[in-house]
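The letters A, B, C, D and E name the chains in turn, as written, and every chain counts its residues from 1.
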Amino acid sequence: MQVTEYKPLIVAFCCNWCSYAGADLAGNNRLAYPADVKIIRVPCSCRVNPTFILRAFQRGADGVIICGCHPGDCHYTSGNYYTRRRMALLFSMLDYLGIERERTRVEWVSAAEGAKFAATMNDFVSTVAALGENKRLEDLRCKK
Amino acid sequence: MQRIGVFVCHCGTNIAGTVDVKAVAEALQYEPGVVISKEYQYMCSQAGQDLIKEAIKENNLTGIVVCSCSPRMHEATFRKTAAAAGLNPYMVEIANIREQCSWVHKDIPTGTEKAIILGKAAVAKVNLNAPLTPGESPVTKRALVIGGGIAGIQTALDIADAGFPVDIVETKPTIGGKMAQLDKTFPTLDCAACILTPKMVDVAQNDKVRIFSYSEVTDVSGFVGNFEVTIKRRARYVKEDICTGCGLCTEKCPQKKVPNEFNLGMDNRRAIYIPFAQAVPKVATIDPDYCTMLKSGKCGVCSKVCTVGAIDYQAKDEYLTEKYGAIVVATGFNPISMEKFDEFAYSQSKDVITSLELERLMNAAGPTGGTLLRPSDGEHPHTIVFVQCVGSRCASCAEKGKEYCSKICCMYTAKHAMLIRDKYPDTDVYVFYIDVRTPGKNFDEFYRRAVEEYGVHYIKGMVGKVSPEGNKLKVRASDLIDGKQLHIDADLVVLAAAIEPDKSARPLATMLTASMDTNDFFTEAHPKLRPVESPTAGVFLSGACQGPKDIPETVSQAGAAASKVIGLLCKDKLTGNPCVAHSDEWMCNGCSTCEKVCPYGAITYQDKEFRMPDRTVKVRRVASVNEAVCQGCGACTVACMSGAMNLKGFTNQQIMAEVDAICK
Amino acid sequence: MENKNERRKEQILRMSGVNPKKCMRCGKCSGTCPSYDEMEYHPHQFVSMVESGDLEPLMSSPSIYKCLSCFACVDRCPRNVEPAKLIEALRLTVIREKGANHLLADQIPALLDEEMPQQAIVSAMRKYSK
Amino acid sequence: MQEITRNALVEKASALLADGTVGRVLAWKRGEFDYDVTPAVFQTAEELARDLVWNDFCGANFSKYLIKETEKSDEKVLVFLKPCDTYSFNQLLTEHRFNREKVYVIGVPCAGMLDVEKVKKSAEGIASITEDSDKIVIETLFDGALTLDRASLLAERCINCKSKKHTAYDELLGEDGEVLDSARFDEVAAIEAMTPDERFAFWQNELSRCIRCNACRNVCPACTCEKCVFDNPASGLENKAASDSFEEKMFHIIRAFHVVGRCTDCGECSRVCPQQIPLHLLNRKFIKDIDNFYGEYQAGAEVGSRAPIVDYTTEDLEPNEAVERGDDNA
Amino acid sequence: MRKISLANLDALFAAIAAEETLYLPQDTEKGAVYAEWCEGATLSNALNTVRSPKDFFFPQTENLMDFKVEGKSIEIIDTRKECEDFVIFGVRACDVRSFEVLDRVFLSEPVDTYYKNRRDHGVIISMACTRPAETCFCQTFGIDAAAPEGDIVCHKTEDTLYLDAKTEKGETLLARLSALTEECDTSAVEAQQALIRERMAKLPLANLSASDFGADKTMEFFNRPEWKELSQSCLGCGTCTFVCPTCQCYDIKDFDTGHGIKRFRCWDSCMYSEFTRMAHGNNRLTQVERFRQRFMHKLVYYPTNNDGLFSCVGCGRCLAKCPINMNIVKVMKTLGGKDNG
């Protein structure tokens, strides 16, 4: 496989109760993942507005991942079920507009899944790195 | 414009080892709004906190960013620090540069660069923070306990003892629950009825407690401190306040062929019945499925024999609505169905029974008057096989068994084996087990006594097959220690059936918006630290509805739930979480979308008068959030197209500022 | 040697698709096995011995041919361990390592009698051939 | 050819004005040219007799006007709704946008509306347009008369008409139709079948023409926010610039997302776009996905239904699968 | 006057494009648009483009300057680039007039240097209309579609293109093209002009009169009750303003890119509720007021400040594109009914 030098910028939205705790656990266990991942804490994955995702792409993000509690485990009972529908529709739309589907992802990471968090981030970063720079949803004004 | 202080923690070398903390502090001091940026060895230490407090006072800071460990670790600490220095605690943001930076990245340049970005994001957020104050709501000083088993009874008694009125809703005609069906209790072998019935009487006589038996909860609205609950009182066709419980009607009723659920269908009762002698309330109930008077209008015997005129064939279901400050769920458990375990022949042979059925067979008030007789032929069984873990710890098929350990079976089986050997020394008792789990006070001693003193054959291994042959039950099992397969001709096989939450729990959870796990056990707010609270504020858990429990555990959890309820009801007002949704009424178009997604029913709509810019007055339908109910998930904020709904502490603007800062 | 055994174990687990770690040592498989008394090693032992890498004794034991492949153990195992599949994989490993079928197709007619059920012939082919 | 005549509408409206059932009438008003029709409020029978028009160019959907119109006074408003308009009507009621009691709905059957752009493409300098059963006769300024098939001039939304059935009315003129089996998703499927690069090129070409005039939003019966996020400086999204391709994509994705489960596919957005961007293809993609992922759902088919975007089941497909699923549809 | 055979049009375009960027109307599936000429591109026969040519001088969005923030210091960066010469070919009489309307706004003191820069470098080659549309009413504002203004004026007949330079800029360009063109008399052009004028007279809006409107008529029209009825179906979208060749309102905003600020301006529309929003809020609160503003500006305010010149040129774009078909013609007919039958 070709070694890519591209360092992507990844925005990860993590729900406070599961995935953010999962990320903390990955830290506690010193499970490394690329520093390209920057986490934003939200109370629940259902707090993530599609606008935030587009905004991230506009400002130069190359990939956006949303992490929440596993379906059925939402701290707020049903938040991640709404996330699931919203993002299914949004991702399908982005794909329809010809935007690389690999740039967006939803993963369910529980507070106990530090290893899964790190593995997911490693995988996502390498997937996005292979795609290279986000050109289809970029805002030229935001380029340096 | 905010005046922000940035405080970068070394956390010893935990952070400083991979992050150049000085560089971080330096880089952040030029961010908009930042007036001071410092680093220190341990920010969470007293000295570190003092440093923050001083900086707040000296620089008149309006907000602070602490670059340190996870907010899950010390956000509360630093909020208190800020509050102590006179700053609103919600003007604090944490940049997680330990768990999500120094601990997962290896080299200093990378770690430092990321820490700076995380710090910038936190600064960008604080720039848009606003001081938040938690809202207040009054508390209705009355509790509801759903379920009248030992858990519910104990909780109700404890709450009533503290002086608060409490109502018990029980679906059965009597309270008492599963414990009332038990014979003896481990590990002391007290008679269950002897210790339970006095409590039932206590509860019945306590003037703070109302018992709604033969009733169910049909609707719950409101929120912690202010629930409004609709209770359906099913028609029992007997006037509860008049019936003396003399029992004459239950003797005269001509309909004798009604399976007696209290004895698990092993004998019959009448169509008008009192479940058992010590029932509370001790009043008769007519079973409308069997009463010929109710079904065809012919009979009326009970009405004729009743000396006080308590029978009322015209009775209807009644609904009553009551306000409560707290709700305790104590819906209990049931053994799972054994129908699907073909290998144990439960459906084929009457002599394969469950442990609960055995309890009734051994109970003096049971169908056999306490003599252990085979259900098929009424003979005395000589060889009895107990099978442990039937449907428990079962990963294979979800529709058959349960993945969890049912917890109580090891001990009650030891109890059964011991009692049988004690009463009928001529019987051979085999217990097939996978593990014997006895973590409890005097539990292991109890189990050892069964083996050592009572001569119960404990065999490590599992029964593979039970096949009825003639009047015997051929049991094939393995003995893993001796390395042989056993073939036993048994007279009675007792299955330790897994237990599952009562079926009423799931619809109830929906009404309460309380969460459940995949097995339909209620989820606790925290599995270790808040075991008797549901994540839904004001809803508490008591007994087996939360997970399998034995009686001592149930009673102690019942007490714990009661003390939580008392703690809540003692308050005159509740303060909430200030990070709640807020509707901008000028922006709201009244579409009701947010109302649909709110899992707590925290959003309501009302028509309000607005003075429009052109000086006209207009009535508009707008959303308003009940801050005491809102838990702050934010589902509504995304559902709201116009952006009228926002989440305090996590506003659209704050999150976008974080995005912008990260994507610089 | 160590390596060969490890490879073998890995292959057996892969072929059978069984994860012996799921076993909770209840012995229901052995309790249910109709061939129990014929066997030197019993179904639950197969599971635990494969897990501990103790393959040689199993492979040289006639027990592997005593399993009827009736799948009672598979059906009743509360943890979905599927011992019969493990035994079958062991059997296959033995036959493959021998380099020849234990039973050749043309040997079969001589062994047939009228009483023999079709099922037995089919399962015998599976059991004794690569 | 529309089944109901203009005079029938005028008579009906005049009668209801006369007997006091309604105080005003929302209907189409004739303009300078035969294709020039403006939504208007009529107060008197004289105005109706003079100016009301009902022809092949009465595409405008009145549902949204009801929000403003019902607030003006306590009188009832008479509104003429075509079948597709009634879906928007119901959806607005679902969202409590106006008081049903203040509206008197007359359902008008619709034989499909003509696309003015198609008409103008086939003839320059239009003097008049007349109908002759299934033919349209266009009298031009310089080239004499042209006779064209009516079907060839139908608007895309009418070719793919989803329903001839009125989902709401107080009174119906003529016969009600049926919900149709339309091929409206074919175009979406064709785009789905493209490669990602082709799809990107397609939309880049379409959306880059956007001039941010907001006609699509302002005409949309689902866009009834008190203040649109794109007009609200506090939202962080406000931007009038048609600066580079991102802003338009952002605008159209978010706009489509905001009407998910609420868009009735009335097609007004595409009709009014001065740059002829096929905006309905965005909304229809969402509708198609909803049908595929969560079961068929037609916004506005009834009042009070819960849109799939604000609903869920525990068995819903995962977002990452949703994209895969899109492929299978292609 | 010079002429060139239509067969040689490509050569003419190539000669222009050799030194200046040449834009001309080209057909697309969705109507004619101005696009840069390149080998093989053909001139559209459409009457006019969907969007007006005002973009060339007053683009929809334009970056004005950048700010760079470094620590506590702010640096202002002038992002203006020297504009290169360009030629717009085929501008109709109405659109040519629109440049005069824009000039009076942008070139009066203080001069808009961004606009002037482009205006100085642009050469306008106009084209007389032969087949006006039913939506045309340029003659209402004294524009002669048969004799447009411009640096070079063109007439296209069946087989020939006639070119006539009207300004110094035009003469320089035409001189450069002299090898391709030949001198001719004006007879063919005059014949065509007669035909055009005859056609113009027959247009449905030929008799539309603006005589009631004009400078200093504010009080006559401002409080007319008809505004309410006229505006009641207005959606408040910006279509009319954005397709209009003379609408010149813009908004200036700062865009934070995360690593600097870009100050840009973009077209704005008086139809928008946020138009000219100030600290105290909006000065035109209702759509009636916003609607009235647009037409009062075109027909009264602008003439008042600009020697009676109307800021409508009768191109008909708003008639064609308004989603609800409300337009200046209907406004004029309703309010200025004296001469409009």
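By definition in this document, contacts are C-beta pairs under 8 Å (C-beta built on N, C-alpha and C of every residue); 3 or more make two chains touch, one makes a residue touch a chain.
Small disclaimer: the values here were computed from a predicted structure and weren't measured.
The set of chains touching subunit A and also touching subunit D is given as B, E.
Fewest steps needed to get from subunit C to subunit E, stepping only to touching chains, is 2.
When every chain is reduced to the mean of its C-alpha atoms, the one closest to the centre of the whole protein set is A.
When the interfaces B-E and B-D are ranked by C-beta pairs in contact, the top one is B-D.
In this assembly, E is the chain whose CA centroid lies farthest from the centroid of subunit C. Comparing mean CA positions across the assembly, the chain most remote from subunit B is E. Averaged Cα coordinates give subunit A a centre that lies 33 Å from the centre of subunit B. The geometric centre of subunit A is 46 Å away from that of subunit C, both derived from CA atoms. Measuring from the averaged C-alpha position of subunit C to that of subunit D gives a distance of 69 Å.
With touch defined as above, residues shared between interfaces to two or more other chains in subunit D number as follows: 227, 229, 236, 243, 309-311.
The multi-chain contact residues of subunit A, meaning those touching 2 or more other chains, are 50-51, 55, 59-60, 72, 78, 82, 86, 139, 141-142. Under the contact definition stated at the top, the residues of subunit E that touch 2 or more other chains are 255, 258-259. Contact between chains, using the touch rule, shows up for A-B, A-D, A-E, B-C, B-D, B-E, D-E. Of all residues in subunit A, only 9, 11, 16, 20-21, 23-24, 26-28, 30-33, 35, 38-44, 46-52, 55-56, 59-61, 72, 74-79, 82, 86, 118, 142 touch subunit B in the complex they form. Across the interface of their complex, subunit E is touched by residues 30, 613-614, 660-661, 663-664 of subunit B.
Within the complex formed with subunit D, the residues of subunit A that make contact are 50-51, 54-55, 58, 71-72, 78, 81-82, 84-101, 104-106, 136-141. Those residues of subunit B that touch subunit C in the complex are listed here as 343, 389, 393-396, 401, 432, 434, 460-465, 476-480, 483, 485-486. Across the interface of their complex, subunit A is touched by residues 70-73, 96, 98-101, 103-106, 110-111, 113-114, 117-118, 121, 513, 515, 517-518, 535, 579, 597, 599-600, 631-635, 637-639, 647, 650, 652, 655-656, 658-660, 662-664 of subunit B.
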